[in-house]
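Same chain, two partners: chain A is paired with chain B first, then with chain C.
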Partner chain A sequence: AAAFERRVLRRAAEHHYLRVRLELSDGGARPNAAQFKQLVVTALRELHGEVGAALPVDVLTYEEKTLSAILRVISSGLVKLWSALTLLGFYQNRRCAFRVLQTSPFLLALSGNSRELVL
Partner chain B sequence: QNILTVCFSVGYSAVALNHVIDFKEKKQEIIKPVSPSELFPSLPIVQGTSKRIKVLTRLTLIVSDPSHCNLLRSTSANIRLYDIIAVFPKTEKLFHIACTTLDVDLVCINVTEKLPFYFRRPPVNMAIDRGIYFELLYTPAIKDSTMRRYTISNAISLMQICKGKNIVISSAAERPLELRGPYDVANLGLLFGLSEGEAKAAVSTNCRATMLHGETRKSACGVVYTVKKPRKVEEEETVPACKKAKTQA
Partner chain C sequence: MVRFKNRYVLCEVVSEDPRCRQCIEDRALGLAVRDAIARVHGDYGLACCSISFTVKYLNAYTGTVLLRCRKDSYRLLCSALPFVRYLESRAQRYPCFLNTLHVGGTIRTCQKFLIQYNRTQLLRLLQNCTNEEERQCIQKSLLSCSLTEEQSQSGEEEEDDSTD
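Our next item is the complex of A and B:
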C-alpha cells in the first residue's frame, strides 16, 4: 500500500489578484494609469480612511482602451479593497462603477474566464 | 430597460422591479404593475443553466400610520398582481406590527437616516419564525458618504439583534451604473458583519426564499397535511378502551 501524505495549506497565498473594469458614462477623458491608481487609493480612503489608503495595492496591468486592470493586494486586505471598489460612485463628478470580473489568489487563474465561454 | 440589460450581463438570475407607494401623499392608488413581458419579448438565459432569467414585480409600502396597513387586508385586486410585497415601517409600533401580524414578505430597514427606534429581540425573532426577511439597500451607500455611515451603522445594529439570519441585501438602483455584481454585494455583507456563508446567502438563498414566500402568499390560503400516527403496541386489556376512543373520535 502506497503511503501518501496530505498537506493542507491555509492562507498560503500572500497576495490576491483582482481583474477589474471601470465603467464610466460615455464622454469625457479616460484616466491613465497613474490616475487609475489614484482613484483606487481614493476609494480606499473614502471607505476605510487613512489606514485603508495605506493598504499596499499594486496595479499590475492597465489598459486605457477598455479601462480594465489587474490589481494585486495583500490577502488580508482583499475584503477592504473589494468593498471600497464596490462602493465607489463618482470619478471627477461623473458616475462610475467598478465591475470585478475575476479574483483569485493565483495570477495564472486570471487568464481564463469561464464566463466568457461561448457555448 | 437599460438597467435590466445590465443586470443580466452582470450575472443575476432573477430581478424584481419595485414600485414604491408613500402614504403621506393623499389619494394614493395602487397601480397595476408593468408586466415584464412588455419590456422584454424574450428573456435571456441565465449563464450556465438552461433556464430563463425571471423578472418579478414588487411593491413597497411606506407606512407611517397604522391605518395604512388596512390596505394590505383590503381586497384590492391590484395588490395580488405583485409577486413580492415589502413594507417600510417608520415607527417602532409599526415595526412590531409588521414583524408579527402583517402579511408581507420583506421588511425594509431604513438606511438613509438614523433609525428612530432601536431593534428589540422579540419582534425580530417572531419575524424570523414567520419567514419574513429584513432588507438592506446598498445604493445610497454608493451615492453619498453620510448615507454610507448610516447604512453601515443600521446594518450593524440589526446584525447584533438578529445574528445575521434572514437578511436580504438589495439595490435600489435607478441607473445602470448604480448596480453591482452579486459577488460584490456579498462582499458588502462581510462589511456589515455577516459571516461569509451568511453574506452569500443574503444575495442568493434568502432572496429565493423570499420569492417562494411571495408565491405561497399569493396562492395558498390553507394547508392540509397528513401525519402518520405511530402505532403503539397495546396490551389485551386496553384494546376495548382504544376501540372506544376511535368510535368517539
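Our next item is the complex of A and C:
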C-alpha cells in the first residue's frame, strides 16, 4: 500500500480577490473604471499613507451600472486594502460606502455565491 | 512579564546650514517626524506611532536626538525618518536629514552607544584637522573633559561634545 502523505500549504496564495460594490447616492456622475481605481488608491493613501497607496491593487472587472468590481491585491496587503475600503466615506463630496460581497484567494471561487442562491 | 516595551531611536540631525543648529528644538522636531509618519504611513501609522511618542533627549550642539516609541511601531517610525526633509521653526525652513545611529530598548543602552560613538567621532575629528591650531584646540578640550559633580548646572559629562 502506498504511504499516505498530506501537504498543507498555509497562506500559499499570492493574491486575494475581493468582489466589492460601491454604494453611492443617486443623481450624480458615476465613476468610470479609472476613477474607481483612483478612489481605491485614495482610500489607501488616506489610511495607510504613501506605502499603502503603493500597494499593487488591480481592478479586474468593473461594471458602471451596478458599481461593482472585482479587485485583486497581494495577500500581504489584504488587511490594509479592506480596512481602507471600510473607512472610506466620501467620493467627490458625496457619501459613499464600500460593501465587500465576497473574498477568496481563488478567483474561481468568486463565480458562485451561496448568498444569492434562489432555492 | 506584561509591561509596555519601548524602543529608543538615536539619530543625529545633519544639515548644511549652520543656522539650523539653533532651530533644533523638541517641539519642531517632534512635529516634523509626526508629519513625515503621517505622509508615509497615513492616519493608521500616525496613530500607531503617536501612542508613546516623545523626543526624550535633544542636543542642539551635536544634533543628537533620542526619540521614543512603542516596540510594536518602531519599524514604522524608522522607515519614516528618511522622509524628514526640513525642520521648521519661527516661520523658517532649514533643509536637513536625520541619520539613524542606534535603536535600543532602554535609554541606558542608547547612552552607552552614544558615549562610544562620540569617542570615535572625536578621534575622527582630530584626524580630519587641517591646521595645527584646530588640533591644539580639540586636544585641549578633550583633556579638559571630565565628569565633575559641581553645584552649577554645567557639569560636563563624558558624552558631551565640548568642541565649541
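In the analysis below, the second predicted complex is superposed on the first by the 117 of 119 C-alpha atoms of A that agree within 3 Å, B and C clash if a C-alpha of one lies under 4 Å from a C-alpha of the other, contacts with A are read in each partner's own complex, and residues count from 1 in each chain.
Simple rule for what comes next: a residue touches a chain if its C-beta (ideal position, glycine included) is under 8 Å from a C-beta of that chain, and two chains touch if they have at least 3 such contacts.
The model shown is predicted, which means the values in this text are computed figures rather than measured ones.
Clash-free side-by-side placement of chain B and chain C is the outcome of superposition onto chain A.
By the touch criterion defined above, A:V100 lies against chain B but remains apart from chain C after alignment on the C-alpha atoms of chain A.
Once chain A of one complex is fitted onto chain A of the other, the partner contacts of A:S25 are limited to chain B, with no touch recorded for chain C.
Of the two partner chains, neither chain B nor chain C is touched by A:E14. In the superposition on chain A, A:R115 makes contact with chain B only, while chain C stays out of contact range.
Once the two complexes are laid over each other on the shared chain, residue contacts for A:G49 go to chain C alone; chain B is not touched.
Measured by the number of chain A residues touched, the leading partner among chain B and chain C is B. Using the contact criterion defined above for the overlaid structures, shared-chain residue A:D58 touches neither chain B nor chain C, since it reaches no partner.
By the touch criterion defined above, A:S83 reaches both chain B and chain C. Put simply, chain B and chain C get as close as 5 Å, counting only Cα atoms, in the superposed view. Contacts of chain A with chain B, set against its contacts with chain C after fitting on chain A, overlap at residues 46-47, 83. The part of chain A that touches chain B in the complex is made up of residues 23, 25, 46-47, 79, 82-83, 85-89, 95-100, 103, 115. Interface residues of chain A facing chain C in the complex, by the touch rule stated above, are 44-52, 83.
By the touch rule above, chain B contacts chain A in their complex via residues 10-11, 47, 138, 141-143, 145, 148, 175, 177-181, 183-185, 187-188, 190-191.
Put simply, chain C touches chain A in their complex at residues 37-45, 79.
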